[in-house]
Each structure stands twice: as C-alpha cells, then as structure tokens.
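Same chain, two partners: subunit A is paired with subunit B first, then with subunit C.
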Partner chain A sequence: MSDSKFSKPPRSKAAKWTRRGFIGVGALAGGALIVGVAIRTGNPVGKLKPIVAGGEGEALINAWVKIGADNLVTAIVPHCEMGQGAQSTIAQMLADEMDVNWENIRVMDAPADGNYVSQHTVRTFIGPGTVPNRPNQASFMEPTYDGLFTQLGKLGDAYITGGSSSVRSTGQYGMRIAGAAARQMLVAAAAAEWGVPASEITTESTMLSHAKSGKSEAYAKFAAAAAEQDLPRAPRIKTVAEYKLMGMPAPRKDIPGKVDGTAIFGIDGGPEGQELKYAAVKAAPVVGARVESMDATVAKTMPGVLQILNMGDFVAVVADSYWQAQQALGAIETAYTKSEIDGLDSEQMFAGFTKALDEAGAKGGNTKADYGDAAGALSSAALKVEAEYKVPFLAHATMEPMNCTAWVRGGKCDIWTGSQVPLMARSGAAEGAGVSADDVTMHSVLLGGGFGRRLTAEYTNQAARIAKATGYPVRMIWSREEDTTQDFYRPADISRFSGGLDKDGKLLSWNNVHCTEDEPAEAALVEFYDIPNVSVRNAEVEMPLRLGSWRSVAHSQHGFFVESFIDELAHAAGKDPYEFRRTLLANSPRHLAVLDGAAKMAGWGSDLPEGHGRGIALARSFNSIVAEVAEVDMTGGKPRVTRMYCCVDAGFAMNPDGLTAQMESGIIYGLTAAMYDEITIKDGRVQQSNFHDYQMMRMGDAPRITVQIINGAPDNLGGAGEPGLPPAAPAVANAIFAATGQRIRELPIAKHFA
Partner chain B sequence: MKPISLILLAGVAPLGLAACSSESEEPVEQIIVRQPGEAAPVLSGVANSPGTADIVAAGKAAFAACAACHSVQQDGASGSGPNLYGVAGRAAGRLNGFAYSEAMVSSGITWDSAALNAYLAAPSEVVPGTSMSAGAVTDPERRKAIIAYLASLSQ
Partner chain C sequence: MVKLSINGRPEEIDVDPAMPILWVVRERFGMNGTKFGCGIAQCGACTVHLDGEPIRSCSTPISAAEGKAITTIEGIAAEDGTLSKVQQAWISEQVPQCGYCQSGQIMSATALLERSPQPSDEQIDAAMKGNVCRCGMYGRIRKAIKVAAGTEAPTRQESAT
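After this line comes the complex of A and B, so read on.
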C-alpha cells in the first residue's frame, strides 16, 4: 500500500486507515502531532512485558489526537457513531483539556486495529476497582494496567461501543488525558523555541501566547516540535471550575452530514468508483437447521439475476439491484434439514421457566444477593405480598437493517459496514473470506442504529463468503423480514417476588427469583433501597435461541420487575408510591434527589383529569440514576402515554444536550417495546416479521418528554445511552394502575387492551 | 501475578458473550446466470403489466401502504390511525374510541370524495395539526383508486 494516500486528511468516514499508514501521518503530513495515552515500552513490571508489548522494542501506541498544518485538531475515537453522539462528546472533552476551540475540532473513527481497543471500556466493564478516582490520579501501575487491559481487549476483539461507556471510560480516562498531554507538549515546544519559561505560556482557542513578549502562534506551528517532547507522566487535567466546553451543549459534529445527506452509513458504504452488485439473503429459519435443497428454476430466469448461491446455512441471490435480488430470492423454493428445536414454542419455554422457578422455590437457585434474613423476616411479617411478572423476547429492529459490503480479491478483503465491534466484524469477514484478519480492511461507517444488535459479526461473515464466491464487490442487505427473524434476541424472563411489611407498612423483607443470567450482574439488585433482609436469586433455564444484548441489557427486564413490585408493596402498605420510595432512600441521597426531581417536575400529587393516572419509577444502571414519571390517559379504553418526566444524575453531563437526547431516545425505545412488542416462537421459528407485527412507536403516539439533569458527582461519570430506558415501562404500568386499578404484570401492555 | 490473572479470567467471560459462529465454508451450490456486464438472457413470459383491473382492486392494492395504521375491518379496532370502514360520508373526528387530534375533531369536514381527495393530497395543509404525519398520496390516480376502494367497503 502506498503511504502517500495518508498525506492528507481522510475525505470521508469511509476513508481507508491501517495502523502502519496511520502512524505514518506525523512524518508525512509535516507539522502533525500525534499524542496518545502512552502505553510505554519497557514495562516497569518485567513479568508483564510479554503481555504488554508484542515484540522486541514494539510500543503499543494509542494515538487519539492529531493536529494538521491547517490548525485543525482531529480526535480519533475508538467508539462508533450510532446516533448516540458519543464521538462528538468525547471530542469535546479532548478540546476542552487541550484548549482547542470547537470550530477547529474534527472527529474520525479510529482504525479497526488491535491497538485501538477500548481498553478503558474494558476496564470500566470488568475491573472497576482499577479505575482511578480522578482521571489523572495515575498510580504507579497505570502503564501496566493499560497494557494488560489492551491485551485483554485484543483477546476479545473488544474495540467496543456498548455498556453506555464511551464518555465515562474512554472520554474520562483516555481522551481528557490525551488532550491535556498534547497541550502540555505544545507549551513545552513553544517555550523552547521562544526561550521563555513554560509557566508563562498560555493557551486558548488553538493558539499559544506569551504575554510579556507579545508572541502568539497557532498550535500547528509547534505540532512537529511538540511530537518530539516527552509524554508527560501525569498531565494536569482541569477541575470542574475550569471547564469551558465540558458541560456545554456543543453542537454535535455528526449532525451536519446527517442533515445534508453526505453522511455515509453502512448501507451507503462501498469502494469508490466501483460498480456494486447486490445480494439478498435468507438464512435457515430455525436455529440449527441447514439448507437441504433449493429449487431456483424460476429465480434464475428473473430480471437482473447474476448468481444464486446455496451457502449451506443460507441462500443468497446476487443481482444488479437489491430489489431484483430480493424478488428472485422470494421465488426460490427451499427445504431445510431438521433441527433439535423444530418443535420449540415460546409458551413451552415459559412453562420451563415456571418449572425452574418452582424447583428453585424459596431458597434455591444461584444467589445474587443475600443479606439479613429474608425468609425469616418474611415469615414474621405482618403483611405479605406476592407477585409474578413476565416479559417477552424482543428484537432490536434497528431502522437500518443488517448489511455489509464486501470485496474479496488477491488474498485481501475489504468490508464496509457499521459495527459496535469493528475488530470482531473484521475477524468475521476474515473467516468468511478465508484470509487473516490483517488482510481485511474494515471501513467503519455510521450505524443506522445499534442498541446491541451490531455487537455480532455473522453479517460480515456472510457478506465476505458471498463476495469470495462472486469475486466482485457485493453489497449485502437483509430484508426487514430477515432482520426481524434472524436477530439476537433480548431474553424473555419471569420474575417472582415476595415482600414482607410490618404493621406500619415498613418494608422488611425482599425475596426475588428470576430466570435470566444477569448482565450486568447488578441489574436485579436493590441495595440502594433501605431493605434490611434481601434475597435475590436466579434459576437456570434453557433458551436455545440466538440471544444478545439489547439496550440496557438485563436492566430492561429488572427495571420493570423491581419497580412494579415496589409499587405493589406501596399500595399494599396503603402509602403513596413516591413517598414509599422516599422512605427507602434514606441512605441513597443521589437516588433520593433524582426521585424528588422527577416528582417535582411532574407535579406529583396534583389533580389529573378523570381516567388519567400518574406512575413513578426509579432505576440505577450503568452508573447513572434515573427517575421517571409517566402520565397515561385511559379514557380511550386503552393506554395513551401523554407525558414523561425524566430526572437523571449521570455524575456530570459532559454535553447536556446529548444526555437529554439519550434520555428521550431511551424512553421512546423502552416505551416502544413495553407498549407493543414481543417476539414469539412457534415450531422453532420467530413469528413476527416486519413493522406491522413488530410495531414502532409513531410520532402521534409518542408522549411529550421533559428531561432535567442533576450533576451529582462530577468525578464519577455514568452512562447515557441506556439508563433512560429501564424506568419507562414500570412508570407507565404504575400509571395504568393509578388510573384504573389494573396491574400490568406482563409485557407488552397492548396485550391487555386488545 | 495472582490478582491480575483473576481479572483476566473475569474479563474474558463477558466479552465472549457477543462472539459469533463464523464460518468460511464454500458454497454448496453456485448457479452463475451471467457475469456482471454481460447482457441478460432473453426471457419469455415474465413481463408483468400492472393490468387494467377495476379501480377498486387497484385501490385495495394501493391501500396496503395505509394498512399499517388504518384497519378497514367492520368493527375492527383502530390502530395508530382510526378504522376507515365506512369512512365515506362520515363526519371527521367522530369515530368512538379513537384519540383524534384537536385539529381533526374541530375540522368540520365530512368525508365525501372531494374532501378525501384534498386531504390525502396534503393532510397537514387541509387539517393543520393532524396526527397523520405520513401518508400523503401524491399521485391523483392512486388517490382516486383509494377513495373508490374506501367507498366500496360499506356498500
């Protein structure tokens, strides 16, 4: 590959990057500075060197910022843009620490290379104890940990966008330090050139100035010299009082392209100047089944058809256009082999859940939390309350269906697609094309929705296999039906509770057993509520389907379970549901503040029209605390959610506009599922197929949403992408109860009003 | 070393959850009809003209785009939009059990062919504030067919 193509900035999101080419930028572009959070050569702990550095003298360089000769500063972000705006917010954090004005900031995807794994995300996920309390509070072990976690990330292909973690991990522990370090190196370079003390140099708006001598220059002038400076060991980062851009609603960098149509999504990506052919695919409809035979007699006579492929596990038609490919695919008669789950249906699975819960009984199953004496306190309780809740399997239904463009030739493979895990997407394509991962170039483009769906790589594998068979570039697009029936589903669950109250209505005992294995593990836990005796367990069940992470993961189920049951307990105790929760939050001041905030916004306790009801719910997920109040109108015979009030404490809102948008988005996504949707299985097959039977919430049905932000812990950031979702369903179910006395114990809600 | 290897083990498990089963198997069967750039073979009997079937049938086909929101079953439940069985001649915003926009309720429209035609052409211009944010039918022939179909339902 010619290095010359890296001598100017990439033209689009789809521009080609490789590690070698990328590292070359500094020298080739002239006057460019590349700074990373260093993972140093010569590890201080000799034993760990083989883990940290791949070969003799090799440094793991994690370069996240570059300065161009035009004084534009590019943040190279190891997270994807799927509508959530994290790239832009992370760039904002870099700009603030580096004293770059927002207009001079550009954003790009980090190349899909092992050196760009989101080690800070990996740390936040799995080693929270190792994350320093302050971003620059680097311990002696820091380089070792960074190296270790990078290596760990590489094992799992964990260049990952998920877990509501980008801003609070990569932004907080990576990009801010990279920005502060870059600023410090620029100052050092200017100090040397001007012959003045570094302490007398100030920085503002991408400019260096020395007041006494009147000297002032752009960052670009010192970029090359700055790159020669030593990386500061622990660059000083700003205190909250010093923030200029952080905490401000800086306009998102991804919006203009999305408005003017120049943004490149997966479905638009592909080689420039190269004619593309289109593939439509249909996989065996039952997990474990394969294509036994296909009859393409009619399909091969249809307009535009180039090739028809039986790939063993799926059938593909390649044609001049997508529509022609899809029409021909529909004309193919396919027979499938038997599968072990041919007879599976969801009712049968739920019966299995019930049996597992019966067997777990009052004490069995895997213990998730156990303190006090939950069983003892229950048996001596003045009032005992029991309830069982049920939620279905769910699909992601991203607006942009799964797709990938692939071109396999000469032992190399290029793919264009949107992925939450670009390295895994690359590995999937490598396997499909029969080449090594290093021979695959992943062109990362925008995602038309993620929600956890794009954490898998089966679609890049499919596209590469088709492209390998054809030899020419092919854009594979799944139909909506394929997308709905071949998803990795949010697991269904049944959750049972028994609670014990004393004669004054004080909650003494909390017993819960449910089926799913919780991810994150804290999802079913209620330690922020002041309940002295708690037992939370899960029973193991079989779910022989393709299962995956769905926005807020296990919080999506337990938010509904826990907050519905708290509401039932409140009513059983004869207390107001908001006041009942307040009494349980004496030791959780941030939770209490958020709950109070939502109640106040909603005018809790004020009169509502006849047939209307108000419900409240509180949830903690991904280190953020969110309370929501829903108002429903039941006068039409079925629920209409008219208002949602949301109060969120995510530690500190780096971009309040972005946090607000994510709360709104989480609420709408949560309400869509809670109101309408379920994936059901019959004869091993998913029964839903498109938006007529897997509905989205339309604008006419969407409530007005108001969001209020509390910055309750500026050094302890929480996530934004997911935490708005868990309280939405229980807030609405509780509002329906308030309006009608009808308790919703099973989702979707529409089922009860058919 | 010990604590660190524990972290390693704890970390690999959750990351493995998202793994996929990648395959590199060759096609079981590959039918190459033609290569890109080659002329398509001459086909017979696949040309399909839209036909000149009666206007109600054409309207029923065109209504498929509306059916995601509107039921046309007699006594069927309303969806995101009101049930349209018997809409021809009905007063706007009066179907029981459907939460119309204020704008629709107070529009004073009666749904004769001319009113339906104008509304379908530009819903938000005829009833500013309507919840029917999508569904404008720009093609006059399609509008005519849809209106004929709706009128046929309650006859």
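After this line comes the complex of A and C, so read on.
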C-alpha cells in the first residue's frame, strides 16, 4: 500500500459525535467585539481548547463574528468557498440577525488552527484560560439551544464543507445565534451608556438608535462595551416575517475577485515575497502498486531540474518552472511493483457485481428497508416488471487540479491549498513533514471546484513530503492526467428491481437490490412514495479503486435507478409517468407540490415537435426536494437536452439566487455525467486521462434551465449544492424513452448512440 | 530573449522559447489570474489574447508571442480600475461559482464581443465552446454576454462590495 494513510480512501461519513454547544465572547485588541459559537466535542477535561487537527473528539470553532473600528462586520466562516456560495449566504444570515447592512459585511475563512489568525484573536476567544471566566458559561446555552446543537452534531459536518450542510447547520444553528447575541449585547451596552431602557433602542444598518433622545451611533462605538456584557441566555432569533436579508438575492462577496483575476486559489497560494520552486508528480498508476525502479538519466540533465525524488508511492520532479518539471517527469522511465488488481478490467469487476447480486437473490444481502411483505405482494401481483440498471465510476474533474504549496523548515510546516476538510489537510501535511499538526499552518484559499474531491488530504501529504525533501517552498501541481487517474471515484453500481402492480396499475410491491454501500443511508429508499410493500437491500462487493464522495454521493446513482424504474412501472401500468407519481405522493404533500411545480413549468402534457420527448423525475436529498422535467430532441439521431425545468423546495431559500445557481450547477454536473462520462479500468489502470476522453458539457450542449423555488418549510432547511443533481439523469433517460421508446438502463447515455 | 508586450507593458525575457505562455505569465510575470486546467487546450481556463485573438496559453509557446501583445485578465479593466463591460456583466449576472474558469471565459467573451458586438446564440456557442465551466454556469455566461453586448438588461444593478 501507499506510504501514507492519506492516500487511502477517506471515511465517507463524518463520525457521529456528541457535542455540547457554547457561545463565547471576548474583546479583541483595539476594542472590537467578537462573538462566536464554539462547538465542543467530547472533551474529558471539560474545557474548550484550541483546535487540534483532524480526527474525532477534537474542538473546533463553529462560527464567529467581529466588529472592526471601521464598523465593518466580519463573518468568520468555518466552511470553504468552492463555488457553492455558502460563505456569503451564511454571512447573510448573520447580518440579518445582527441588523448589519450587506455593504458592511466582510467574509473570511475560519482558521484551521488556533495559531492561525492571531493568537490574540483565537486563543483569547477559545483558549481555556479565557472562556471559563464568564459566569454560567458552561450551562447558559443548554436549556435553549442544546437541542439545536445536538441537531448540528448529528449532521456531523461542522468541520467539513460537504453534505450540502453549511447553511442549514452552521448558518441556521450557529451564525444566526451569534448574530442575534451580538446585536443584543450591543443594545445592552448602548442602553448602559445612554441611560435608557434597552427596549427603547432600535438597530438597523449597523447603527444603534434611541428615538426619544435622538441618539444614534455606529456599532463600532459600542463594540468594546458590548464585549463586557453578560451573554444573553436566549438571544432572540427573527421570525420569517422579520427577515430583511434572509430570503433576498444578496450579491456574493467572492464574485468581484473572480472577474478581475485577483481571487487566490490553491494554485496561486504561497509565501509572500519568497521564490517558489515547482513540483510535478506521478503516482503509481495501479492502486496498491509502488515505484519499483526509475531511470532518470535523461531527466536529470534537463534544464531547470533541481531534484528528482522517488517517494516510494510516487515520483516527483522539482524544477525552477512547473513546465520544466513536467517535461522532466515525462522523461523518467518508471517500473512499478505488482498489485493485486494488476489484471483487473471493468468487465471483470461488473461480473463480480452480478455474481454478488445473484448470490443475494431475492432475500440476501443487507436490509436497508423492509416493510409490508414485498415478496408476497410481488408473487400475487397481476403484473410484474423487472429491470436492471448500471452506472460507471466517475471522476470529479474539478477545474483546478489537485495542488498544494508547502514549505517545511525549522520543525514547522506551512501549506497553501483549498480543502473541504482543512483540519485533515493539516494532518496530512503534518504526517508528510514529520511534525505535529500544531506545527502546521494551513493557509486556506479558494477551491477551484470541490464536489467532494477535496475531502481528502493525500495531496497536502505529498506536497509536505516533497517540501521536506527539498527545504524550500514548493508548489506541487497535479497534471490533468494525474488528477483524472488518481481520483477518489464515485462508485460504479448495478441495481436490480422487481415491481408488482395490481390489475388497476396500482404499485403494491417494490424490490431492489444493489451493490454500493449507501451514503447517505436513505439514498436508495422510497419512503416518500406510498408503496405498501418494500424491500431494499444491498450486496457487498469489492471495489478496486479508491472511492470518494462525488456530488450528491449515493443519490447520484439511486436517483437514476429509482426514477427510471418508477417510469418503467408507470408505462407498464399504462399510465402517464407524472400522473403515476402523483398517485404515489398522497402522503407527501411537499413532494407533490414540487412535482406539480415542475410539471406545470414544463407544460407537461402539451404537444412537442416530432422526435422530441419529455421526462420527469423526483428526488429528495440532503433534506431538499427537487423535481425536474427534461426535454430532449432526438431528431439528430442522438439525444440533445434542450430544456430543463426544475422545481425545488429547500425549506426556505436563504438566498434564492444562490439556490437557483446551485440547481443550475447540479443539473449540468449531473447531465455531464449522464450524457458522456465513465471511468473504466484496464489492467488495473484508469483508462481516461483528460478532457478529450472524459468530456465536459459545453456551452452549445447545455440546455436552457428554468428554476422555481417553493419555500415549503421555513424552519426545516434543506441543502442546495447537491440536490439538483439526482433527478437530472433519470429525467433525460425518461425523456428519451418518451421520444423513442428506447429505455436507457446504463449510463452514460452517449454509449447507446455511438 | 523574447520581446513582447504584456497588458500594454513592453517586456523582454530570457526564457526557453518553447515554454508555454501560461507558465511565463504566471511564474515569470507573477500574474496568477490565468489558470492551468488541462495542459492540452481542451478546457480554456488558460485563455489569453495574443494581438487580440483568444488563444490557449497552456499550449502556445512563448516564442509565438515574439513582437506581439499578450493581454490577460489583469489587463482588461480600464487604467483607473473601472471594470470592462464584460466584467461588470459577470457581476450583475452573478456568473462565477468556483470561479476558476472565469478568467478564461471572460477573455473568450471579450474577444467575441470585439469581433461581434451583438452576437447571436450560435456565435456565442461557437466562441465559447472551448471554455469549460465545471460549475455549469453556461446559462449565466450566455446572459452576461448579452448584457455586456447591450442586447439584454442586467438582472441586478448593484454590485457586491
């Protein structure tokens, strides 16, 4: 195996933690107010402690806000910005509760280390010596908010950016409370200074006012005094009717820097004023193989080459320029050791899947859902329908290839990179540099795409190992080929269904067995459909590649499986696929409303030109419900997706333009995979390498997308980044069937029209 | 020694003539707005202008820029910092998500509008087909090009601060 635990598959699921919540407050140097919510994990000492990297049971900061002397309010957000806009939306929630106008809000990444920003800021705030000074510190949150924090703990995502959870966890349960508490403390400070009742003070646009006396001051003036106020036991949170910024399409704070070239991504990060060297790397191409030998005779002589490193699991060339490093890397002859999967091909792997499903049969495997009597109802059904579906491995293909700049010197290590798990990124670098995590400073910068790819730390580990071997700051950049062949892939899967309908076409029995371990657990379940007898199981299989979370995770497979089979059942019953779904949603009014919304937007049932077809699909994921209708044009002999109509209920759209953008994005990401992509294996190696053989949807092929939002449950927020994806593939496959009668049971779709 | 101009500034650099423009711009001139995506002219993240024409700088050697003008994302705002119409439209339509491809998208769109001030959908498809947006913001890019062209109204007037 590889040298580092960080090159192994990550835990795909955050550990279930038990946590208790704390809110803390302190004065910053210069008299600014800082309010934050710290989430403490099971800590036997019973004290808050500075953040320690990675792993379970360690403390982390959940949310902060600070006010500067310039009356600018900074939301320090413990989630990365990878395009999903969560930093901005979370800041919007804070601003609303705090009555700060949007222009006065700034956003920054929360540090991945207690030493990171400034010791005064961080250690003063969460350090063990300071926070317990506050009276009733340990208990004050519990009666009112413990339930909320328990909820947050269950999500398990407070230390990562994933699971479409930032807004609905940190935003809803952290930033809003921090904002409301800060506002209340500012009011109390002003009331004391002005000698008036707090109830007579109003707040608006980062100003405090007292109408009777005509007094009005900026928040900044009372920031220091506010920090001396007792923490509110139960800061009052706004009702929906009181929202001013929440629910508005506030412009994102990160966008201006992304149109003028000034935004700093991982590939741009590094120490100020220090000359960088550049590293190109190539890892062993088969999982489990190692570098047996390398011949760098030619590479050594090439211009700019400084060092050639055989790191055991990968080869690195360090040079004055990245291009020089790449050229030299290409000139190295490398031999690899044998690996267990050297001889493996995709076909063999899928044969293994089939065998596992055969062995599981009608009753075997692990039970995921079992209610009613699915087998009995199937055997007595008037009409039985069977189908098997298949999906491939997929790569993430973020636009920015994996990269990390590292500098190891004097027992310390600095890294500059984008990560969805900054603490794990830090641990990966610590292991690579041979220092403790506390001695690693993680400089978090923007991610050029995440989609679940940047939930691993093998690339920070690699960069730190290279930097340790060289002594100077090194920017390691993966080639696109390396990025495509060394991913942590979305698992391939085969899913089998049998369904039973009665003589009136009512669905009585649902039987499903598939191969992947479901993450999230409900991905393959159909509880929102009114089906009396259901059996869902999975069979355990060997997966030869490293697996990771890929946008919407197991919903990406099961959305296609479930909604394709529902469509097949509808047609078998002789019913309209939209009407058939409606009859199954009698007990799921929010799902029904979303389905109706999409159908209405699309003009379901209206005529389409010859050779065109319409397909519908519904999925709920990450606590949001999304229905999509696809229109395809088959007149060219190949499917062209011309329109996508999307109706989403995410509980409440904190930023409707942001939610819309995420639906658009999830749809294109899902369609790209559905139409074009598969990662295949030959002789243990991934066969695809770059965008010529792992294709991206482009401007001319992208459908027009229309999004409609339903705020169906304002106190029960859903995610945004992922839920747009699962219905996209089945909607298109169902539309192709409607247009042609050809049922797509295997992705990608392009395979069927080659 | 290669003589060229970059964002209007004359430069003379001692560099391997085969080195791609992308790496010269980033490493030698320290301008990081131009991005590396694929290295084989498939994604467009590295798009810059060479004498006004959009090119894939990852696959174009610096020798091709001898005596010519390179323009990068850092060079399209006015001297006083006023953003170009394309950049402004990218904000009004809230185009970027991760933003990594957007320098290249903006450079391709800028070149398109210089050639075709009011481009049709087909012209937009053709001009932008070399630029991948993995976040899938194609609808917004199309709209923003039309806003910059003045053929559609912007979605919002205010800008983020």
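Heads up, the rule we're going with is that the second predicted complex is superposed on the first by the 654 of 754 C-alpha atoms of A that agree within 3 Å, B and C clash if a C-alpha of one lies under 4 Å from a C-alpha of the other, contacts with A are read in each partner's own complex, and residues count from 1 in each chain.
Here, a contact is a pair of C-beta atoms (placed from the backbone, for glycine too) under 8 Å apart; a residue touches a chain by one contact, two chains touch by 3 or more.
Computed from a prediction, not measured in an experiment: that's the story for all the values here.
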Partner chain(s) touched by A:Tyr472 [first = subunit B, second = subunit C, both, neither]: first
Partner chain in contact with A:Met424 - subunit B first, subunit C second, else both or neither: first
Partner chain in contact with A:Met699 - subunit B first, subunit C second, else both or neither: both
Which superposed partner A:Ala619 touches (first subunit B, second subunit C, both, neither): neither
Which of subunit B and subunit C A:Ala180 touches, first, second, both or neither: neither
Touching partner for A:Leu447 - first (subunit B), second (subunit C), both, neither: second
Touched partner set for A:Gly548, first subunit B, second subunit C, both or neither: first
Partner chain(s) touched by A:Arg480 [first = subunit B, second = subunit C, both, neither]: second
First, second, both or neither for A:Ile237, with subunit B first and subunit C second: neither
Residues of subunit A contacting subunit B in one complex and subunit C in the other: 303, 691-692, 698-700
Of all residues in subunit B, those that touch subunit A in their complex: 1, 4, 7-8, 10-12, 14-36, 40-41, 43, 46, 67-69, 77, 80, 97-99, 101, 131-133
Residues of subunit C defined as touching subunit A within the complex: 16, 19-20, 23, 27, 31-40, 42-43, 45, 72-74, 77, 83, 87, 90-91, 94-103, 106, 124-126, 128-129, 131-142, 156, 158-161
Parts of subunit A lying in touch with subunit C, wherever the complex brings them together: 82-85, 102-103, 249, 251-265, 267-268, 276, 278, 303, 321-324, 326, 397-401, 446-451, 477, 479-480, 657, 661, 664-669, 672, 690-692, 696-700, 702, 704-705
Subunit B-touching residues of subunit A, taken from the complex the two chains share: 47-48, 122, 125-127, 130, 148, 152, 155-158, 275, 277, 291, 294, 296, 300-313, 320, 421, 424, 427-428, 431-434, 455-458, 461, 465, 469, 472, 519, 548-549, 633, 636-637, 640, 691-692, 698-701, 754
